[in-house]
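Quick heads-up: structures coming right below.
First chain A sits with chain B, and in the next complex the same chain sits with chain C.
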Partner chain A sequence: MLEQLKEILSNKLKVSPEAITPEATREDIELDSLAVVELSLLLKSELDLDISDDDLLEAETVADMVRLMEERSAKV
Partner chain B sequence: MAGMDIAVTGLGLVTPGGIGVGPSWAAVCDGRPAAALDPVLANNPVQISCRVPGFDPETLLSARRAHRLDRFVQFALVAAHEAVADAGLDPRTWDGARVGVVLGCADGGPGTVEEQHHVLREQGADRVSPLLLPMQLPNMLAGQTAIEFGATGPNLVVATACASGATAIGTARDLLVLGRCDIVLAGGSEAMITPLVMAGFAQMGALSKRHDDPASASRPFDVDRDGFVAGEGAGILVMERVADARARGAHVHGRIIGYGATADAHHMTSPHPDGTGIEAAVRAALADAGADPDDVQHVNAHGTSTPLNDLSEARMIQRSLRGDPLVTSTKGVTGHLLGAAGAVEAAFAVLSVEHEVIPPVANLVMPDPRIEIKLAQTVTSMPIDLALSNSLGFGGQNTALAIAPA
Partner chain C sequence: MSTGRAAVITGIGSYVPPNVVTNDDLSERLDTSDAWIRSRTGIVERCFITPGTSTGDLAVEAGLRALKSAGAEQVGAVVLATTTPDQPCPATAPQVAARLGLGQVPAFDVAAVCSGFLYGLASAAGLIAAGVADSVLLIAADAFTTIINPEDRTTAVIFADGAGAVVLRAGSANEPGAIGPLVLGSDGELSHLIEVPAGGSRQRSSDRPVDPADRYFRMLGRETYRHAVERMTSVSTEAAERAGWRLEDVDRFAAHQANARILEAVAKRLGLPEDKQLSNIDRVGNTGAASIPLLLAEATAEGRLAAGHRVLLTAFGGGLAWGAGTVVWPELQTF
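Here is the complex of A and B:
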């Protein structure tokens, strides 16, 4: 899941790949509230995951986002 | 306010002639037309445009920054970086509160709107990008420039269609004269070459249809002109009061010594056939400069290559500027940069007075016999004490800028 998230962040949102580590915070990878909405749309279109921007905003780090993605994909 | 001189200390250009002042100026001086068939317009009735060659925003800006900007803002930021560096200013140390940004565009970001409209129709409203509005709003041009350079002074975008870039420079001059700020990044930017916008222009009958020879489609003042060719790009000027520029030892490219602005109040798109509106703007700019109309030696005309504009503008020049100025239109090379045109052409006029060189009207083979002004048919070297740059917009908005050497 980390690799899939990395790919979306770097290829689609153009976040520099070296910045995307599990410990990186949303600020570290420059994800403001608009970018979080973009990410939510991309998780749906690319991976068919339903994670709202509000849920993503509660994830403090990349690792937290990955955990959220794993939880949601387990439910499917 | 006559007598208040405003210096141009920095120039930045992104035009169909090239990225940067050097390539853009060389292209217009060489008379190398940029017009070509445009694959984006393959399904349009008119398929000719003037694109900026080799514009890669991810390299010129950062990939992350470029992703969140419409093309019209990308052009402006690239041009503004060149202008600020050329002015010898360092945004990390300047007093941002004294730095204003006044930019013009005709249409904001129609490319983003069309793309997201497609998403809306194909995938539904809940798939539309949250960046739609922050990318396409016209005022983002000045807002993003402020963010890029930490410019926290007066900040606005003006819209007078194809006069926008010149209106911005005139408005910037007013802010400096009034002492509202000390430095202004002024100019215009446009990225309107999209299938929908170009369909609209084509339906108006405004565009050249010279598909058999696109390079010669933009031919201002030529007897065979049949419409304009849309271009894209940006022109940014760093403007300061002359006294301030001299005090910090800045190089002054030229001075903006007068500005005039009027409205035709005549028709939504056609210029007044007698050119009375643009004539009044020219007279106002020269009065602002404290100059005699007969002393104008060079005009960088609006010269769009449309049958109506070029005739009425030429008649206006002949009637009101009796010193036989040498007239050019750089649109023969760049096409019509719409809301950026006035700024790009003001920059070219500044370069003309600085380098004492007037670019030719590209593609001017046979001047319209009804036009009796002196047109630059080859690149011409001559000292210029007083130049004019004219711009007219749909809606009947007219501007003239009076430009003098340093």
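Here is the complex of A and C:
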């Protein structure tokens, strides 16, 4: 999941790959509120995961986002 | 594609007020910065009206230029798309028609917020199709700053004032300038995403005192972004299909200049490269209904949009209301 998130963040949202570590916060990877909406849309279109931007905004780090992705994909 | 009677663009004009406001100007009174505004919106500067100027004044200026561009002294009707009419009653269009010296022609306003120009195109094409008029002056004008809460840093940096206009005449569907099939839609269940809550009959008939903040425009940014990207992508795809175009046939993409980030996301989904995207949001901001004709007029004047280009138009905004359409760009003079 981390690799998939990394790929979306770096290829689609122009986040530099070196910055994407599990401990990195949204501020560290410069993911502002509109980019979080875009990420939510991409998680749906690329991975068919339903995670709202509100949920993603509550994730403090990349690891928290990966945890959300794992939870949602387990439910499917 | 039908070959019947169609509405054909024969003139275009635009106007922005001379008062240019930079991001630094706004940062002096709001907790924001040039870097924040640029990265979130793509806007560098925009034009605001000064006290005493109204939507009607902007509309007259754009209307004059469009009439001159068309070489027309008279039209059969005037349609004005606006979010910010001069008064709640009556419509602004009749006064604009009178000020333009167009006499007692049919004239009315269309209220579809940022999709106003495309809804106006449908209205104008309808007047022509129904035989009400053989030519129509369609103006889209907004003095958006009159409804913006000056303390709201999320909207005060985005919205601005301006006007754009086109002259349409009856013609055939296969000639340059003919408006292709328009695809329009709305979703009133999401009207709360973009609204001015007070000032209308619902508030006036309530016995509760008005919260001053409710007199101003407000927008839920993240939800609006999501719906704007999804809607503009799907409605653009549908309009291209209805016109018999593949998306790769599109030469120029003219989307409502809402926010550079939305435009980038929509263009990416449609597979339209940057050199096909028309944009002026960096210099004019989001001018509401005026945004598309203002963009088309400026791009024509600059040569970025030329005769023969296959243009895909799309808009999204309050209502919610959205739309898209196509046109093969005609030879037009600009002033």
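Throughout what follows, the second predicted complex is superposed on the first by the 76 of 76 C-alpha atoms of A that agree within 3 Å, B and C clash if a C-alpha of one lies under 4 Å from a C-alpha of the other, contacts with A are read in each partner's own complex, and residues count from 1 in each chain.
What we mean here is this: a contact is a pair of C-beta atoms (placed from the backbone, for glycine too) under 8 Å apart; a residue touches a chain by one contact, two chains touch by 3 or more.
Source: prediction; values computed, not measured.
**Q** If you stack the two complexes on chain A, which partner ends up touching A:S16: first (chain B), second (chain C), both, or neither?
**A** The first partner, chain B, only.
**Q** For A:T25, using the defined touch cut-off, is the partner it touches chain B, chain C, both, or neither? Pick first, second, both or neither.
**A** A:T25 sits against neither chain B nor chain C.
**Q** Considering only the touch criterion stated at the top, classify A:V37 as touching first (chain B), second (chain C), both, or neither.
**A** both
**Q** What is the shared patch of chain A, the residues that chain B and chain C both contact?
**A** 34, 37-38, 41.
**Q** So in the complex, which bits of chain B are touching chain A?
**A** Per the touch definition, chain B meets chain A at residues 58, 62-64, 66-68, 127, 129-131, 134.
**Q** Over in the complex, which chain C residues touch chain A? Could you list them?
**A** By the definition above, chain C touches chain A via 39-40, 221-222, 225-226, 229-230, 259, 261, 265.
**Q** Can you name the residues of chain A that touch chain C in the complex?
**A** Residues 32-34, 36-38, 40-41, 53 of chain A touch chain C in their complex.
**Q** Enumerate the contact residues on chain A facing chain B in the complex.
**A** 13-16, 30, 34-35, 37-38, 41, 45
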